[in-house]
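You will see two complexes here that share chain A, one where it goes with chain B and one where it goes with chain C.
Right, the complex of A and B next:
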């Protein structure tokens, strides 16, 4: 019973992180029809900035209130969002009229650049800031002791999913976003500033990825290569759920989270292979994913 | 009576340039140091992979992000033949590498060619990642992350055994061996893309619906192109192993697929020769960038970003446009 509960919580923890990464990938694809290969690197960028900021403050002020450190995690999300707001207009906008291959190639080039920029800025060694996760005590749940910080991450994932849903389906901006995603030319003809919607969508996507990186950092640290690993898993999530669908990203993240936890217990050797096989089967049966829109 | 105008298979420029390049490539081991020769040899191997890849991207309009799979199958099949059967003949490796990679491509192709555009890309990527994770995790078969060693093979049906100095053998005998197979691969690919089959692929690339309408079996043709492409890349993988002496899961990882994409974009995927130029140029760029900075990914990434923004036709496309302008001929859109 204890192990079952802890496995479920672990799965939800994975799923939260995966959702934060995959929702941005899906949002950007839904609005701009671009698959951003550098998305995982923005997640890593969020982790690095958060670790660096928290480390800086905790180092200078040893007895700082832990609440401040939690707020500082947001620096990672904001930095990734800012990076997105700069990258979209400068590097992606010139390519919308060209063949799809060029957009993929551009984001692939960005992936390579960002990977090394992080190595350049923060060196080859991992950065950690476990002060943040240590600040929350373990929690007793139905006789199970579980790290409080992991629960915090699960809550963040849930809140982010709700907030994003409300944003896309309940606000004026969300209407503009959905209109642009359905028919860019028609939206433009109706007076929507499509360029601005593109920047905003890309920025939000990067912000969510950065948040994912920032909240996972106290547990797994900020390491080189984490972006690529995350990208590969996020691909599986959006392929299962359907590119461009937020519900799909959520369901995909839950499926991948649970399969990974099962995988670690029962088939560690072929865990990734199983995930990709699931993705391949979904693509074979429902080419556009489980939650595809026509 | 006017003489019938026959379209020439090769233009005068291509014949002249081809002869010049052939002489230069033949002379490399005689004039260059072994290290230089081996660098060119790597370039030729990658050029074969790039040729295969471009049959899909340049001629069929399908961008694969999973060509590491076929390169890796070619390499790993060779390594397994050494491990389990103790074979040493390069000819056996080549045949086995081509057959195995074609079989894997045939299987993956059944799934992949049902889709185009981004879904094709993701699916090829996903399937190649399955092979990568298997190579990494099934260590009792594949050696895991340590990979498998492959000793220098004997060439020409066992008549040419490796000499004591491995470097000299690779930089002379093996170089010419690769050069011959490279020439054969170029010739075969040239015939394929200029055959009716090749024209049908280009028709599919330009307009799938119309191609179907004039009777091209789109999915079947795409599948055949996929298998041929995989076999070329598999041949490259087999030829690569003796040079490297070792095969590791790195060559199955998606970044290696990205590298193959890079060769072709650098050279230009709208031309036949572009991928070859790109593979040779990239190989030099990497060899020297790695020696000169640890941030070579940054250099490569910046080159890729600049290429996409300013030189989308690649090196070969740029040269072609330049020569056209010099001759005063109108630019072709």
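Right, the complex of A and C next:
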């Protein structure tokens, strides 16, 4: 019983992280029709910046209020968002008129460059700041010991999903975003500043990736290679959910989260294959993903 | 050779298969030469600045004959990018430290300065093979060194033989290299220990510390290293503890940093012991997450590479008392104090040069270059002038070298370097900002006690596995 509860929470925890990574990827594709390969390393960048900031402050001020450290995690999200705001107009905008391959090459190149930048800035060793997760003690429920911080991450994932939904479907900017996503030329003809919508959408996508990296950092650390790993998983999520759909990202993340846990529990030998199998089945039944628009 | 070979096999088979001898634990330890603790001066005496004087190694004998002053080109391949850079960087630093020291004396034989070409192993196996070809054919390297991944040495070894390039692998320690990929090496050597030693050392340490464990859980990265650790730990435990039962297995992908489901599964199986060969950033994530689930309060834990990656990669929150492996290879605090001055000197020099403590890759790469220097000097002494590769190889075969980690012996039949294997138990010390081995409980084992001897009939998955299965007594 406690194992079941623990694994359900683990699955939700993993789904939260996956959603934070995948929603940005999906949002950017939905609005701009760009598959942003660099997304994985913007997630890693968020983790590194958060670890570095928290480490700096916690090192200087050992008695600092833990709430401050939680707020400092936002530095990772902001840094990744700021990087997005710079990258879109400078490196991506010149390529919109070209074939998709150019955008893929550019974002893939960015993925590699960012990886090297992080190694140059922070070295090859894992960067950790578990002082944040230590601030939330493990809780006991129904005879089960569960890390408090993991519960916090589940809440963040849920809140992020709600906030994004409200943002896209209940605000004026959301309407512009969806209009641009449905027909860029028509939106432009109706007076929407498409350039601005693009840079804002890209920034929000990167911000979400950075937030994902920042919240996962206290328990996983910031390590080289985490971005590529996350990118692959995010692709599995959006392939299942449908590229460009926020609901799809949420459902995809939940499916991957639970299936991975089931795989680990009962098919340990093929843990990774199970995920790709699910993606393959979904592609077979609904080639555009579960929530794709026609 | 052949006759001896088959004689050994039949005798062993006949002797062991019908009747597995039983010995007591004490007899076993004595028979295998296992040493625990008693490191003499203790760990703190290595604190920097240490008592040992960092010395420049004495120059070799005066070279004979005419030596060209053309630089000696080495190609050093290791991970400069990606998650394995955490191992690759120390490897490069160890290599460069040795090169700088040798060059400060004028180079090899006082004349040939060592020049190092870097290659990034993260390029992938195929690209690495191409790069080795390029370095030999276009850059005309004299010697190839480095290589960390066990996936790469079996691909590079045969090519190095084909290109006739003298090769000193520092790691890439799979048993497969000299058993299958390059069964009759001429140009290829490997300096550090063999992979199978990792699982066996963890089993020896765990069964010594906790003789009653029977239920084992496993978490291993899903590639050849994890499989090798799993196999050798299990076969050794079968001999050491009798009826072991594997109650849980988890095979995360290499590069996983999210282990919550693996941890819950492990805890729910209620094992006596978790054995785990996860390493690098993966290991850091695993132990931090396991702490939060109280895993360490619920079972004993043994690892193969916890302390191997880099001493300073772990924090003050690292649990104490677990078996903390160093790839059965080298930890900068052992041999301790002034018991083996070469280590204290190396650590001091490395620390002064790079402002960090060396790991096993650093020591391996450093030792490799010196294991090239010595045979070059010996061969020069015999034949004069710059020696041919074959003369250097003849001097390398059977070489016994005093490295910072202890004696390294290059077996002539398979070109593998052998040195005593080491592991220990994690302890937090006020002297270091990271965990170290409890100096009272460091375990060392003569490598011959845990590795198949020359001429033993090859087997699956490794010869050592078969040798343990067929020849080790069972602890009663």
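Worth a mention:
Here, the second predicted complex is superposed on the first by the 294 of 294 C-alpha atoms of A that agree within 3 Å, B and C clash if a C-alpha of one lies under 4 Å from a C-alpha of the other, contacts with A are read in each partner's own complex, and residues count from 1 in each chain.
The rule is simple: a residue touches a chain if its C-beta (ideal position, glycine included) is under 8 Å from a C-beta of that chain, and two chains touch if they have at least 3 such contacts.
All values reported here derive from a predicted model rather than from experimental measurement.
On the superposed chain A, the positions of chain B and chain C overlap enough to count as a clash.
With both structures placed on the common chain, the touch criterion links A:145 to chain C but leaves chain B unconnected.
Applying the stated contact rule after C-alpha superposition, one finds that A:101 touches chain B and leaves chain C untouched. In the superposition on chain A, A:207 makes contact with neither chain B nor chain C.
Contacts of A:260 after superposition on the shared chain: chain C is touched, whereas chain B is not. In the superposition on chain A, A:280 makes contact with chain B only, while chain C stays out of contact range. In the overlay built on the shared chain, the residue A:119 is in contact with chain B and with chain C. Once the two complexes are overlaid on the shared chain, A:272 sits against chain B and chain C alike.
Once the two complexes are overlaid on the shared chain, A:17 sits against chain C while remaining clear of chain B. When both complexes are overlaid on chain A, the residue A:221 reaches chain C alone and has no touch with chain B.
Note on the superposed arrangement: chain B collides with the chain C stretch 131-139, while the other options among 95-103, 131-139, 401-409 or 455-463 stay free of clashes. The interface of chain A with chain B overlaps its interface with chain C at residues 115-116, 119, 268-269, 271-272. Those residues of chain C that touch chain A in the shared complex are 81-83, 85-86, 88-89, 222, 249-253, 255-258, 260-262, 264-265, 267-268, 280-282, 284-285, 288-289, 292-294, 310, 312-313, 315, 317. Across the complex, chain A is touched by residues 57, 63, 65, 111, 114-115, 117-119, 121-123, 125-127, 129-130, 132-134, 137-138, 254-255, 258, 261, 265, 294-298, 300-305, 307-309, 312 of chain B.
Against chain C, in their complex, chain A makes its touches with residues 2-3, 6-7, 10-11, 13-14, 17, 115-116, 119, 123-126, 128, 130, 133-134, 138, 145-147, 149-150, 216, 219-221, 223-226, 229, 260-261, 264-265, 268-269, 271-272.
The residues of chain A lying in touch with chain B in their complex are 35, 91, 94-95, 98, 100-102, 104-106, 108-117, 119-120, 228, 232, 235-236, 239, 243, 268-273, 276-277, 279-280, 283-284, 287-288.
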